[in-house]
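Naming follows writing order (A, B, C and D), and every chain is counted from residue 1.
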Amino acid sequence: MSLLANGFTIVAVLAGLVFFVAGTAGLLRFPDTSSRLHALTKADHLGLGLIVLGLLPQVGGVGEAARLLAIWALVMLSSAAVGPMIARLTRGQEGAE
Amino acid sequence: MQATGWGALPMLAVMLPVLAMVVALPLGARRAERLTLAMLPAGLALAIGTAVAVQVGGAPVVHLLGHWSPPLGLAFRADGLAAAMLLTAAVVIGAVAIFARADFGTKAGQPERREAFAFWPLLLAVWSAINLAVVANDLFTLYVALELLTFAAMPLVCLDGSRTTMEAALRYLMFALLGSVLYLLGVALIYGACGTLDITLLARMAPDQPAVILAIVLMTVGLLAKTALLPLHLWLPPAHAGAPAAASAVLSALVIKGSFVLLLRLWFGVMAGQPMPGAAQILAGLGAAAILLGSVAALREARLKLLVAYSTVAQIGYLFLMFPLLASVAADSQVAAMAWSGGAVQAVSHAFAKAAMFLAAGIMAARFGHDRIVELGGAGRAMPVTLLTFGLAGLSLMGVPPSGGFAAKWLLLSAAIGAGQWWWALVVLGGGLLTGGYVYRVLASGLRAGEGAPDPAPIAWQRDGVALGLAVISVVLGFLPLAAFGLVQVGRLGVLP
Amino acid sequence: MIADLLLAAAIAAVATGSVLARRAFTAVALFIAYGLLLSLAWVRLAAPDVAMTEAAIGAGLSGVLLLGAVRRLGPHADAPANLPPGLLLTALIGIGCAGVAAALGAAILWLPEPAPTLAPQVAAALPTTGLGNAVTGVLMSFRGLDTLLEAAVVVLAVIAVWSLAPDGGWGSAPGARQPVVGRGPLSLLARMLPPIGIVVAAHILWVGADAPGGKFQAAAILAAMWLLPWLAGLATPPRIAAPWLRMAVVAGPVLFIVVGLAGAAVEGAFLAYPPGWAKPLIKSIEVVLTASIAVALALLVMGPPEPDAPR
Amino acid sequence: MSATIFGLLGAALVGIGLFGMLVRVSGVLRLLSFNVLGGGIFLVFGVVARRGAGAGLAGDPVPQALVLTGIVVAFAATTLAVALLLRLGRDGE
């Protein structure tokens, strides 16, 4: 059981890291702000999500699990709010008003 | 370290102004003014009590906060020098508070004004910070004290809200912040090397690790920037000259002394075991350059308040002449005692004289509507008390006997000869002549018959009174028998067993 | 080890970029990254309390403050106040700073071994306070004076910042009026986050007695929960003349000083807590102090009152 | 080991921040450099704390507590400087 759980953790966290690396590469290489944002938010959501998912079997109690999930939810919320704001700002001032 | 009786006196001298400063915010300008005035006698009584306790007991007064003793806890330690500074601060703050009522007072029913709202808590903050800076015995608490001093002094500089003073305030803030971080870096290194920040414990340890030496170098540079020793003085003239007169008095008399006292504690407390004669000669050399260049700048200055500010730059120089004298002789020798007293009396008498001078300059500037020295003609007839105040304070700064400035300079002179470093004696004498030059310029201009002598504006007699009072104190200090200066010798760190 | 090296290299790179950036906006963005990476370094140095404070204040609040300053200064942010030093002088300053860094590095490497420490003394004295978090014990008991003075510094900073108000606006609300963004994503965030943030702050404050966390961290989060609706134009700060606002800023420091003076009267030393009373007194001071510091931090970020702010 | 790495990093940050404070001329950038410098100094405190681990504590809590105080004080200083800069910028318009 613990072997299975550890294996799951390793696979999920590694997968999460891959998304982060891909997202970072995208952030650095993509030509314009919109596609960079796309790369960034995807990396955030999938990368962090997979890492949180992977860590869940390792936690000691319900409280810790809840905190991990809360972190994920907060990051989703803030990036959902910030992404469109940056997009709007870069589209120029006329779009923002 | 043991707590001693009467330790509550210096503790209250620090905490009551802090409490008053905090409470002043919700009270609003009018009640804050009254609270400040009510605090003055209490603060003076606490300072006198501390001085008496130190003098009578012949030992520093110690208060252990929360009963925790250093190195884990923090201590307040009021030695003779601290007691003298507490007294000086209480008197100067009191005089300035009375003086400032005309500018920053709020009449019944009048709405709160920005300047009045800010002035009183800032004055209380300066008071608590200077008291804290002389009695705190922990290097990090002293860092907080220095920041408190900066945060209170910076807004005082630009209280009038003009662009020029804002720029002066920004420059001052940048110098002060750089000074603070260098000091803080030194604190980190000293803790890393010694595991304590208590000055008395550090003095007993006599640390000589490279980290401590580097720390002292960094802290010295930082504190010099705050004390405005040449060449780190560039911020001082615009800041001290631009501030309202009451604020200038506090800035020149007290604020720069906080970092100076701390410097003394580092050099002759923490590093008492490692005399640094070479470095001390450099400091005194900078001091001599400050005396010379500051006085020359004052001689050439066209504006009265800038002249007084450059005079501060020069007088700060005298404070550093004690360093090589103390560093080159045995700590318990007669010469060391003379040099220490000379420096301490210089700090105290300069505080009274300079506060008086700035207040007098402020009265003149308010009356004339400008402070151009050549156009002060008629001042002697229209405002004789003000000009007398300026003259008396000038006598003390020059070091004419009998005055506090004379006592200070005579002690420094004798110590210089006693230590075999006669060249510093020449500096003291030459500086006195230059000081006489710029004081004479102002008096001569003021005594000329002026065609444009202004109509007497209604200025309260209290303003002239407190300014004159401060000038008289700076002179009367010279009448005290030398034994009275024994107070500042009590608890000198370098001579403790 | 390798992770530490990578982290240190990243921090140094971001710091260099921030200091040398051509545009002020870039510099601030890099500075925020610097603060966040630095808080990771604090985790590696086994100082979770500091890590939280650095992230919340060093990166978060400072970032908001500086970004706001860059936006409001506009082209002024990049405008030099005076002439930049010449190439030769710059090189000399660079050599000097490198010298300082090298001397400092050497001094740190040569610090005595074993390192002097107060950890055993703190551990021995901590039970008398009833607290479990050693850092909180130092802040509230052994070095309580520092914390008290720091609270006073924050009050003084509020007074000082307000004293810089332009003429004509005295008594009005602090800070420039923020444009109302209506139903955008910021507005959504400003509505959804504060309840969560307040719960988180209360939690951090409550566990701070025994676990990492405490009043500064909680206060910074609370301040952010007020600043967010303000930035979204949803909340107008009260006028600075409002008595309750001024009371809120000073309540914590006043309580702290009064408890300290009561200690002097009853126990004979400032900030001495009567036996058995240490923990409840410390907790009460911390709760009130958190609220005061939160209000003060938010007011400091908002800035002085402006004449064009709503009266 | 990590204490040594971050100790040297702290020293480097002090150098970088000091350079910025002395060389940059725009007020905001100078202020940023001040904060970079402050971060480096706090890191030195952190290294001192980490080296002093003992008695069941992962670090000496005294320097850690000093850093907490220092961060808040540095932030207050930054807000003061920003308020001044904004005031000067606004008058310049």
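Note that a residue touches a chain if its C-beta (ideal position, glycine included) is under 8 Å from a C-beta of that chain, and two chains touch if they have at least 3 such contacts.
Not measured: the values here are computed from a predicted model.
Contact with chain A and chain C alike is made by no chain in this entry. More C-beta pairs in contact connect the chains of C-D than those of the other pair, out of B-D and C-D.
Each chain gets one centre point, the mean of its Cα atoms, and the points for chain A and chain B are 57 Å apart.
Averaged C-alpha coordinates put the centre of chain B at 28 Å from the centre of chain D.
Chain C and chain D, compared by their mean Cα positions, are separated by 12 Å.
Among the residues of chain C, those in touch with two or more other chains are 81, 104, 108, 111, 115-118, 122, 142-143, 146, 150, 153, 157, 160, 164, 166. With touch defined as above, chain A holds no residue shared between interfaces to two or more other chains.
Residue positions of chain B with contacts to 2 or more other chains are 72, 140, 144, 147, 151, 154, 158, 166, 170, 185, 189, 192, 195. All chain pairs that count as touching, in label order, are A-C, B-C, B-D, C-D.
The touching residues of chain C, counted against chain D in their complex, run 1, 4-5, 8, 11-12, 15-16, 18-21, 24, 27-28, 31, 34-35, 38, 41-42, 44-47, 49-50, 53-54, 57-58, 61-62, 65-66, 69-70, 72-74, 76-85, 90, 93-94, 97-98, 100-102, 104-105, 108-109, 111, 115-120, 122-124, 134-135, 137-139, 142-143, 146-147, 150, 153-154, 157, 160-161, 164, 166, 214, 216, 293, 297, 300-301, 303-304. On the chain D side of its complex with chain B, the touching residues are 14, 21, 27, 30, 34, 37-38, 41, 44-45, 47-48, 51-52, 62-63, 66, 69-70, 73, 76-77, 80-81, 84-85, 87-88, 91. Those residues of chain C that touch chain A in the complex are listed here as 184-186, 188-189, 192-193, 196. Listed in rising order, the residues of chain C touching chain B in the complex are 81, 103-104, 106-108, 110-112, 115-118, 121-122, 125, 141-146, 148-150, 152-153, 155-160, 162-167, 170-171, 241, 243, 246-247, 249-250, 253-254, 257-258, 260-261, 263-264, 267-273.
Residue ranges on chain B touching chain C, taken from their complex, read 3, 8, 11-12, 15, 18-19, 21-23, 25-26, 63-68, 71-74, 111-115, 117-118, 121-122, 125, 128, 132, 140-141, 144-145, 147-148, 151-152, 154-155, 158-159, 161, 166, 170, 185, 189, 192-196, 209-211, 214-215.
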